[in-house]
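Chain IDs A, B and C follow the sequence of writing; residue 1 opens each chain.
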Amino acid sequence: MSTPRAMRQSFALRFSSGAFLAFWCLLAAFPIFWIAVMSFKSPVDAFADSAWDVITGPATRANGDGLSIIDIALGVVVLFFAIRWAFTKLPALVRQYCPPGLIVLGWIVGALVYAITFVLIFFGLLPLILGVLNSLLGPLGTPVLGMTTQHYIAVWGENEFYRNFLNSMLVTAGVVTISLTVGTLAGYGLARSGSDLAFWLLILALIFRALPHSVLVAGYLPVFINSSEILAPIFGEGAPTLYGQPWAVIAVLVSINQPFTIWMLRSFFQNIPAELDEAARVDGCSHFQAFRRVIMPVMWPGVITTGLFSFLLGYNDFLVTALLLDAQNQTMVPAIAGYFNRETTTTDQVEAVAAAVSITAPLFLLVMVFQRQIVSGLTAGAVKG
Amino acid sequence: MKFKTFAAFVGPSVFMMLLFIAAPLVSVFIQSFQVTQPILEQIEVETCTPGFLTQTCTTEIKTVPVLDEAGKTVTATRWVGLQSYRNVLQMDKFWSAVGNGSWNQIMQIDFWKALRFTLSFTLLTLPLVIGVGLAIALAVNNATRSIRGPIIFISLLPFIITPVIGSLSIYWLFVGDGILTAMMERWSGQNISMFAQAWTIELLMYFYRVWHVAPFAFVIFYAGLQTVNMDTLESAVIDGASRWERLRHVIVPHLMPLIIFIALIHLMDCYRVFDEIVGFRSQAHVISLQWLTFDFMTPDDAGNRAMSRASASSMLTMIGIVLLLIMPLRRTWRDHKGSAH
Amino acid sequence: MFLKKIALAGVVSLLGSAAMACSYQNEVPVKSLSAGFEAWKAVTDAMAECGNFQAELDQEFRTKQPAAFEANPSLYQIGGVSNGTITPLLNAGTIRPLDDLVEKYGQNLSPNQLIRINGQIMAVAMMVNTQHLMYRSDILADLGIDTPTTWDEVYAAAEKIKEAGVVDYPLGATMKSGWNIAQEFVNMYPGHGGKFFNDDNTTAVNSDAGLASLETMKKALDYTDPEVLVSDSTYVQQQFQQGKIAMANLWASRAGAMNDEAESQVVGKVAMAAAPKAVADGAPATTLWWDGIVIAKNISDEEADAAFRLAMEGLDTEMVQGANDAAIWLVGGYEPTDIATGAIETATANPAPPAYPSTTQMGLLHTALGNELPAFLTGERDAAATLIAIEEAYTTSAKEAGVLK
């Protein structure tokens, strides 16, 4: 296929657009890359003035933690193939082994298996092999780059960060599921009703979205803490204390997220021709049946995209979870912020960085997996205003 | 669609929004006209606190709240009209400052200081986010197909990263002798302190926001670019339109609904800017409206919180946002009227 | 390597928990809510050994504690407080007197630890904290400077250090706008002989002592990092550890970090002395703080009994010996080391510095100070105008809180 004329471009244009992209990618990735580097260094190195010291980590190396040239070479090779494999082979495997209806579930399982395998190989198998290699190879095997995983061990082992991780997963899964269920119904209803009521509901939702969250959250706290007294007249003795309950936080987050969800889904449904469900209704279906039989099969691109935004909201939320959850049910973001309170040490801060990098990893995977769906979902109309 | 069916579809969503958003909002609205105070009495209290090895006891008159038989604090609520709004706006000081023609004096009043920053933050980052987002989208669309995937992935990183962590990661690059500040110092040969004066902090906050939100604009514009009509573009080329003209007359109009969508979302999010103030610790130099509200209702050590002023300031924030949104929403109303039924 | 370390860590923790068993088995479920710094970690870990105990070390504890203790039944049995944060609990009457419990389980407590309000024991203190002078003994010795005892001497020493150019900035200061900078003023102002309130609850900071305090604070800016308005105690501690500053008036609980080999490049070089005085014959310009435990009122007596017994287990000699340098403990068995000398000198000075005067009004004034002082230090406002602004801000919020009519 020859390039259409409209797409042909001069070298100068190609070059400048390429340079711009390269610059942007550097800008986008650098801060994140940098905190990842910091997380592997001893506190002295992590907050050193000179960038070179942070990268090479002399103090970390002096403590006997470091990577040799051979470590680095092998690590880079493994990393390269792992990423390549994720982009090329993983999608095919998922498609092969997963029944077509459950493609979303298949991807989640696939991503999890991939993540676990990667961690096992990279942090389990590789160090074992390298330990032998390093002792054999002499000068090539002496550490040149200071690097330590002690902060990760401290965070995930001593500080039991996996509990926060599970809590985050629970809250996020709850937010995504409920938000999409409630939001899809509402989005469809709003898209198919041309009434003024629908319009004003949307405008109201928009204004709700604009509210400063701190106002809402501060209003919840006393009510949540005293809820067993307040709800006692209705529920009797067994009235729950909402404070500290993950499901109460899920409800709050879903509500806060509703305006955005219904706006996204409404515009998505508007781009599904109304003739489709009208045809079904002519065949004798009710609105709900039409929705289930005709709309549900074609709505997934939009729902996945909207779901990703819900995921980000639930996963990244700080204000609501910090105030309304107790220590046992704490999610990851407030747990990390807890490292930065008034009485903290430099080691705490580097541990916080390690925790921060850890919680970014699932987001990486998620975007890697769903990247195409985001773009195709948005293209399919979720953003046509 | 019949009203009943419609209600069944939107019911759960509307219920949740009413319960968790509208109800607190109404209570905030009411509280902004009220003041709730504990009934106080003055009593003599002897307090003994530890020194090192021996205790010191002091007797002083303390003002403490009265408790009823059940042990609850007795409070009295009164209607104060617009008093809380006056306390937040401080119009008397504002007008006298205007009378003096002193911008500096106006900027000494918290609310106006916060409003100034919030507005400039919102309005300055808006074109930047749209411009940068569009530029990246066009550049990615130009790139070879095989590298688009990785580039989209990297571009999305600043958007998906947890905001608390994103702002900290940039803060650390610049604070004190952070590596980027150290680098700039080496280039310029001067001692640079990014967090010592208002304008550099503001600059960093603008930068962070654009860095964080531009990817969102990018991915939406990029999706929009995939649906540009090739035939229209081809015919524009045949008509001899330059690349710039094609961008102005074909692509931008095609993306217009998306630009408005981004603008709307961005106006709302920026107007309640908060994370940056905390993340960059800029309270000494610049504050925002939501931070002001937050500060009013953060309890101090003694447990006081200025709920009435917090309510008033959040209502003022609301009014501001509705004013900002009217412009873009007029279009949505016209579309609604045009496309109805 | 990695696997070995994990296995090793597992073994150590098993051994650890086996070795430090509690003297009894706790049967009643108990929860606590406190701040999350090192000393609290040590205390709650010791309590957890007895079983059935959940500790919440939460940075939002200030926001949650008053509401959580007011619920009926209270969401927590044990609360960790300081002399600042106990005020809302006392005012709302949500903590119980401990006299009978102290009699039953408090054999090991010293009288110094018992916080008495009108004769009733309302809290049990475990540690004291104060801000005091920390300085690089090697630098001061090299330049032949005696340990400064007043702020004037501190600035004179800072001038010499600046001329010698041995560190980036001679002084560090915890002047982050908000709580920290207000605390600096609260330290300085009584040192200049000022009193915070008149008898009718109006504030008295707009005075000569106020002006003097502001002037003393502003002089520090000649010698500190220009980014001082974002620097909190962790930041100052890091500057110390990285050898960037030579002196600072910093919290005693931070002293241990100077000798932490993993973080610090100045191990053994930082010495502690009493907080500098504002005027030569006055008290050190600082305030004394304590941290301790309280027991909720809205719980059954059995729960209170179990909670207090558990707390005593957490505040025992064994715990202190395991975490000796985490705080200036008041608990028996504490061995003051070199790093505690400054704090002890401060607390035993004559005249002694006041305890932080925690009251409803002080809370309001602290907030007003924290919001209005930065404009003075950035130079947007002069000292007199700043004091007027503080007075106005306090008056507005005091009227809203009902303290002033």
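Heads up, the rule we're going with is that a contact is a pair of C-beta atoms (placed from the backbone, for glycine too) under 8 Å apart; a residue touches a chain by one contact, two chains touch by 3 or more.
Predicted model only: the values in this text are computed from it and were never measured.
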item: Most distant chain from chain B, judged by the mean position of its C-alpha atoms; value: C
item: Most central chain, judged by mean C-alpha position against the global CA mean; value: B
item: Chain pair that, of all pairs, has the most C-beta pairs in contact; value: A-B
item: Chain centre separation in whole Å, for chain C relative to chain A (CA means); value: 37
item: Whole-Å gap between the CA centroids of chain B and chain C; value: 32
item: Separation of mean Cα positions, chain B and chain A [Å, integer]; value: 22
item: Shared interface positions of chain A, touching two or more other chains; value: 47, 337
item: For chain B, residues contacting two or more additional chains; value: 177
item: Where chain C touches two or more other chains, by residue; value: 63, 70
item: Footprint of chain B on chain C - complex, ascending; value: 62-63, 66, 70, 82-85, 87-88, 90-94, 111-119, 125, 128, 168, 176-178, 181, 199, 201, 225-227, 229-230, 235, 239, 244, 288, 290, 297, 328, 330, 343-344, 347-348, 352, 355, 358-364, 366-367, 371, 374-375, 377-378, 380-381, 389, 396-397, 400-403
item: Residues on chain A engaged by chain B in the complex (per definition of touch); value: 4-6, 9, 13-14, 17-18, 20-21, 24-25, 27-29, 31-32, 34-35, 38, 47, 49-51, 54, 87, 182-183, 185-186, 188-190, 192-195, 197-199, 201, 203, 205-216, 218-220, 251-252, 254-256, 258-259, 262, 286-288, 312, 315-316, 318, 333, 336-337, 356, 359-360, 363-364, 366-368, 371-372, 374-376, 378-379, 383-385
item: Complex contacts: residues of chain B adjacent to chain C; value: 35, 37-40, 45-58, 61-65, 67, 71-73, 84, 87, 104, 107-108, 110, 175-177, 193-198, 280-285, 295, 298-304, 306, 308-309
item: Of chain A, residues touching chain C in the complex; value: 42-44, 47-48, 123-124, 127-128, 131, 149, 153, 157-158, 221-222, 225-226, 228-229, 241, 243-244, 322-323, 326-328, 337-338, 340-347, 349
item: Complex interface listing, chain C residues touching chain A; value: 1-3, 5-6, 9, 35-38, 54-60, 63-64, 67-68, 70-72, 75, 232-234, 237-238, 241-242, 253, 257, 260, 262-265
